[in-house]
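Each structure below appears as structure tokens.
In the two complexes below, subunit A is the common chain; its partner is subunit B in one and subunit C in the other.
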Partner chain A sequence: MKRRQFLTGAAGAALISTLPTGAIRAWAQSASGVITFGQSTAVLTLDPAHGAFTGYPGGYEASLLLFDRLLDFDADMKIVPQLAESFAMSEDLKSCELKLRAGVTFHDGTPCDAAAIKFNIERMMNKDINTTNRPLWNPIAGADIVDDKTLVIRTSAPFAQLPNTLAHGSGAIVSPAAIQKSGEAGFAQNPVGAGPYMVEAFNAGQELKLKAFDGYWGDKPGASGVVFKFIAEPATRINAITTGAVDVIDSVPVQLVGQLGGNADVEVVRKPGLRPIGLAINLTRPALADVKVRKALNLAVPVATIAEKVFFGYAKAPDSPLAFDAIGHKTVGETVFDQAQAKSLLAEAGYKAGSDGILEKDGKKLTLSLYVPEGLFPGDVAVAEIVAASLKQVGVDAQITKIEKGAYWDHLRQDKANLAWDLGMFGFNPSNASGTYHLASLFKSNADDNTKPDVWNIGRYRNAEVDALLEKADSAPEEAARMDALGKAQELVWADAPYLWLQINENVSAVRKPVSGVTVMPIVFTNLRAARKA
Partner chain B sequence: MPEAVARRRRRPAGRINLFLWLGATLLAAFAVLAVLGERVAPYDPTTQDLFAMLEGPTAAHLFGTDNVGRDILSRIIVGTRFTLSIALASMFFAGIGGIALGSIAGYFGGVTDRVVTGIIDLLLTVPNIVLAIAIAAAAGSSATGLTIAITASFIPPLARLVRGRVIELREEDFIAAAITVGMGHTRILLRHILPNAATVIIIELSLNAGQAVLIGSALGFLGLGVQPPAPEWGTMLGASREYLTVAPHLVIAPGIAISLLVLAFNAFGDGLRDVFDPASRN
Partner chain C sequence: MIGFLARRFATIPLVVLGVVTILFIIFKSVPGDEAAFVAGATATQSEIEAVRVQLGLDRPLVEQYARHVSGLVVGDFGYSTTFRGNPLPHIISRLPATLALAAAAIGLTILIGIPAGVVAAAYRNRLPDYLISLSVVGLLAIPNFWLGMLLIAWLSVDLGLLPSFGASGPASLVIPTLALAARLIALVARMTRGVVIEELRKDYVRTARAKGLSKGLALRRHVLRNVMIPTVTVIGLQAGYLLGGSVVVERLCAWPGIGDLLLTAVSVRDYTLVQGIVMIFVVSFLVINIAVEVLYRFVNPRLRYA
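Let's turn to the complex of A and B:
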């Protein structure tokens, strides 16, 4: 041992003896340069195909470190290059030319070249291998190698969202040699990518240990390793970060954020999500087909107060059918709480108060069945209770039916004859951040309103003008024209009020010093790719 | 043995009845709350005040307010009716079902006995809370669903108990006498056997009522109770779990209510046993 090292060590030992035990533990950890992430969901599989990085979102969060993709989303969901140095969509939106980065290798040392990428695109196109995220991959028709640095990806129809697909988590580029070695079934437990970290040990469902990949093409990883640890209970995660047992935690329940507030070592990281929560309105009901009634419902609920009180400010009232960070979001209105106006709109629609204070029209009471799951959306039951109480104040009788969360989606997505609900709580999370994808999934007319909805247009919204605008938003050659069409579509949908819009929740994570650079992406993921441990 | 029985019977009555009185008094108090409900509750149990949510106990709200600003005391009081009526109704129906199955099996014996006992044994292999969850999930979250679930989970053990008692009784001389004089099966069962089995059934039912309260609350806790915003103790516990560390008073009030009611039923049942069935003490 050299003299200087010995002295530093001795000084350190002297310092330790004066420190409280918590500080020692934190100090000991920081010295190792390994970041520990206490995740609310377990990492089960690590393959973009075969179910795509289960469990959600834990698997995706690990995949962000393990794999590189052709394109990437930055913190504001803008698309930026990653393995591709640049990309250009063709005029007809039916192909995309990508210039590939040279000299990239996978963790197993094999080259990540045009052939490897073509292999990946074709693998994800295969419906038998890639069973999830089909709407993102179905339009892709093939990949052609132009030269060893250039690749063209073709689609069967104009598909402006192709870059979103490539930047989506399922666009992770895997090592073809590793697939050959482990087989299609074995890869998910023995993943090999070209990302900044590689697998050191993987115990599915419990712990994933990653170490920095020395051969990474980009900036040197900020830590010598990252450990993903599954901690299911929120209170346990909070204890773990308070004591320094972990450096990062995700999914902090808003009512518990206060507990971290007094801790100078812990920083709360927050980001509004991409999933606006609302009550889908069943437009097949005569009473709800009247836009005045739907507007009145929206005016009757104090959404801003719900965001402020129930979610302690970690939620916001929406200003469009899309969340703030969805690509193409445009502010098209505001959430107003005005029960007097709600009452006058209902009166205009022909409703009069009956003897029990509930509004009626032609002898029929305005009684609505409100379906809500338990534990599927943040504070779902409490929010439903507040909505019901608020609607009661304007004379609308909303009866809550609480549905077990496993059975909930089936109740929502029903053929017309079996729709039991008038108002159903729902929120759509566009995993590729595309506003067009989001709006089309929810508000594009169904081919046949009597059968099950094509995607998630569960309330049977139908507006030919919106359909035309969404078509344009998907296929207009100019990006400005596409965004313009999407903006207009948001205005029309907002004005038609096919939802009782509620809140947009924030994703809340916490980071302990000295770790920095952790970001929370609007699509739920806590991203440690740029995290550093000094 | 006769001396031992005689000695037990001489036990002072006052001490034996303490449990009974404690249980009966508590049950009576809960019954009054259940009947009066909204009329004695200080606030409407469903009126919210988002600007006064998660408040600790104060003079205005003795048990504090919940996550949407409702008065917890009022919700506990009004919730009594639901829990108590579920417990009583399920014990009533479990009693009918258990007595019918148990006495048929025990009295007729033979193939009937083997078939009925077989079914009961099959059901007994499933823990009653699991059985209740399965039934409640199928029947949906409603008072009817919960009652069916709890009833069904208590019929098998009760039927077993009744069967044993009936087998014991039908070997007695007075039954043989009744058969000899040509009395019908129904009459023998109703007039001679069941009255003699009544004490053991009543004691079992009152003890089971406490269990029924617990199972009902557990199902409510798991989200299979009433539909919101109706107050129910188990559901209140479930909803307050997330707030345990920031607002523990949300958990305490329904916790106390459930414990007290279970205690009341258990004390009452124990007291009854001491009075009617001294031989079974210890």
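Let's turn to the complex of A and C:
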């Protein structure tokens, strides 16, 4: 029996030792001066090239602290200087002269001078090294060093959005010496930048520990360190901020925001996104080529109600093809819910109700195939179901096809002959905040409508006037003229209704006292660059 | 014993090859273009083609398969877009957390499940039996992610006793272990109860009681030994499934194990990484099964001479 008793005792002791033995909360709580950020996506790689920062947006959020860029976006997506003290686009929009800040060094001590910037620009131009964000980098033809502090970036054609590219996350400036040291393949796990924080420890997919960089050229970082922790499960993130184990969380599901409402220590931070969700309309279908039908579809769906009821007010109805904070956004209309008018428009277009209540014309029923992904856009399937039910009320039969999200893009971007959908849910996120880039990506005529779309003009929209305006918006020398052209293009696109416009969702994060200064950028990112912890 | 082990381990490569082949076929036939995904949503067709060549996805399927298998042999799991290279070291680095969780869950099962089953059998159709059997039904019915959420809400948020997520010390292990072990505890308790009741009816127990042993002593000295045989089998079989169950629990508790990595790999569509992790799961499962057989021979002497 002795042996047995011993074993029992040992097992009991082992069990007890795993149980809490006092100040366990202290473990969970983050150290003073260190901000802990519970992210919904893991930080996997930290290199602007080779597929850019992953996962999205977690990697970009970390890159905002680790790297400086030549230019930056402020909270309203205006372009402001960062490593460049000033910049000037040339008259012909084919080059940009940048005056660099003096005395900037990378975390490894390498000077961040014109030669380092040139190295970075050329690295990002290289298609073999930088495989993503190509539309932002393709126009760039080269970089010339004028002197230690002056650099000229050339483009092969007029490119008014060059500053947007430099301010974009992929414009992060990396230490050439670190690339040399870690190699192109190794840099993503051993990143060195010139930002306010430097890497202390990086365990890809789990945790990234940053500490304040003493040699930072700008304002002293507001915290002694920032820890990014990957917490995929929304309920777990909310629990973590409730217990104080983390100071900041992102991507709070709108249906769970209420759980944070009663907590005086937690502040909810929200910002409308840059990605308007809508249903792309397949204009190659004869019925949908009629603008009256497209307008009727828009009138039939209660978008404001969707924003209010499905997203608890954390979404807005759009007033333009662009999101509110896209650069160059102009209010060009409003979302109206008027099913009576929708019905009369459909009647004008020649549709009559059949015996089953579904409209028909020349013996053909107005039956539309609505493609929707599962879990790619906020509340995607729920929204599609409301849309289908609303369309039914005006006599349009929308059949929902749910597509696994991995295969969804393939279904949307198809040759004309293989387009199976009439309505396809889509939302474009212009990562450089440029309205011109957004509108051109979605509505510039395709070179050939029969093959796969050049970018995302999946519905085969074609309007020569819009093409001309977008051209002007990209290349007119005067900014006012560019914005004016972009505004007109928005009006035309809105009037043509190539989409059934739906909601613009807000990005929702939460911050716990005493941390302050956390901002949520329209482009999904929760930005801790200016965050402080007393 | 050595011959037995050698024979068992010799089957592993064969099974693994079968699994590799099936996985390869599955991953080649899932919808979605891997190259297009790697290249990103804004990539043009020519950029996608460049990525395809870079990843070797333009080669004939047979050649891709041969490269895949020969790579696995030397420990090269292929190009993971997540880690920009061979994912194997990253997968291995996650393994200890998952194994710790599984070991803790099995430990807890042995400590709670077996005694609970024995007690229920000894007090058959009396109050302790009813309480235990009711708990068993409850634990079997509760999905582990929901139990995990409740435990976090109660132990961590309300009482502040335990960390709500992550791996920041031994205390972090408690909630995921409870969530993961609950179902297994219930299974083992129920099975143990059944086996003990059956054994208690057998002749050798009657003999033991007839020669004057108390019921408790007969139970401990004679019945338990025989109960161990089916119990070890069930725990062993379930240990393999714990790896699968840990995917959900690890995600819920942000436990940095291999299951959590699997979900990350799926969400970023890193096929190479998913394949690698499934491979590791399969190999672990096979090794666990062999370990169970070895253990089986220890608790059941009859098999040693078979």
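FYI, the second predicted complex is superposed on the first by the 503 of 534 C-alpha atoms of A that agree within 3 Å, B and C clash if a C-alpha of one lies under 4 Å from a C-alpha of the other, contacts with A are read in each partner's own complex, and residues count from 1 in each chain.
The criterion applied here is as follows: contacts are C-beta pairs under 8 Å (C-beta built on N, C-alpha and C of every residue); 3 or more make two chains touch, one makes a residue touch a chain.
Computed from a predicted model, the values in this text were never measured in an experiment.
Colleague: If you stack the two complexes on chain A, which partner ends up touching A:Asp454: first (subunit B), second (subunit C), both, or neither?
Modeller: So A:Asp454 only meets subunit C here.
Colleague: Is A:Gly262 touching anything from subunit B or subunit C once the two structures are fitted on A? First, second, both or neither.
Modeller: neither
Colleague: Comparing subunit B against subunit C, which has contacts with more of the residues in subunit A?
Modeller: C
Colleague: Applying the document's definition of touch, where does A:Ile306 land relative to subunit B and subunit C: first, second, both, or neither?
Modeller: Only subunit B; A:Ile306 stays clear of subunit C.
Colleague: For A:Ala204, decide between first (touching subunit B), second (touching subunit C), both and neither.
Modeller: second
Colleague: Looking at A:Pro253 after the superposition, I want to know if it touches subunit B, subunit C, both of them or none. Which is it: first, second, both, neither?
Modeller: After superposing on A, A:Pro253 lies in contact with subunit B but is clear of subunit C.
Colleague: Go through the superposed model and pick first if A:Glu404 touches only subunit B, second if only subunit C, both, or neither.
Modeller: both
Colleague: Can A:Ala240 be said to touch subunit B (first), subunit C (second), both, or neither?
Modeller: Only subunit C is touched by A:Ala240; subunit B is not.
Colleague: Who does A:Gly363 touch here: subunit B (first), subunit C (second), both, or neither?
Modeller: neither
Colleague: Is A:Ala188 in contact with subunit B, with subunit C, with both, or with neither (first, second, both, neither)?
Modeller: Once the two structures are laid over each other on A, A:Ala188 reaches subunit C alone.
Colleague: Hey, what residues of subunit A end up touching subunit B and subunit C alike?
Modeller: Overlap of subunit B and subunit C footprints on subunit A: residues 235, 404.
Colleague: Can you list the subunit B residues touching subunit A in their complex?
Modeller: Subunit B reaches subunit A through residues 46-48, 50-51, 53, 67-68, 137, 141, 223-224, 227-229, 239, 242-246.
Colleague: What part of subunit C is in contact with subunit A in the complex they form?
Modeller: Of all residues in subunit C, those touching subunit A are 30-33, 36-45, 47, 50-51, 81-85, 90, 93, 104, 107-108, 111, 149, 152-153, 156-157, 160-166, 168-171, 173-174, 251-254, 256, 260-261, 263-264, 267-269.
Colleague: Would you mind writing out the residues of subunit A in touch with subunit B in their complex?
Modeller: 234-235, 253, 255-256, 258-259, 302, 305-306, 309-310, 372, 374-375, 379, 381-382, 384-386, 388-389, 399-402, 404
Colleague: Which subunit A residues qualify as touching subunit C in the complex?
Modeller: Residue positions touching the partner: 11, 14-15, 17-20, 24-25, 27-28, 38, 41-42, 44-45, 47, 50-52, 54-55, 127-128, 131-135, 185, 188-189, 203-207, 229-233, 235-236, 239-240, 242-243, 245, 404, 406-407, 409-410, 441, 452, 454-456.
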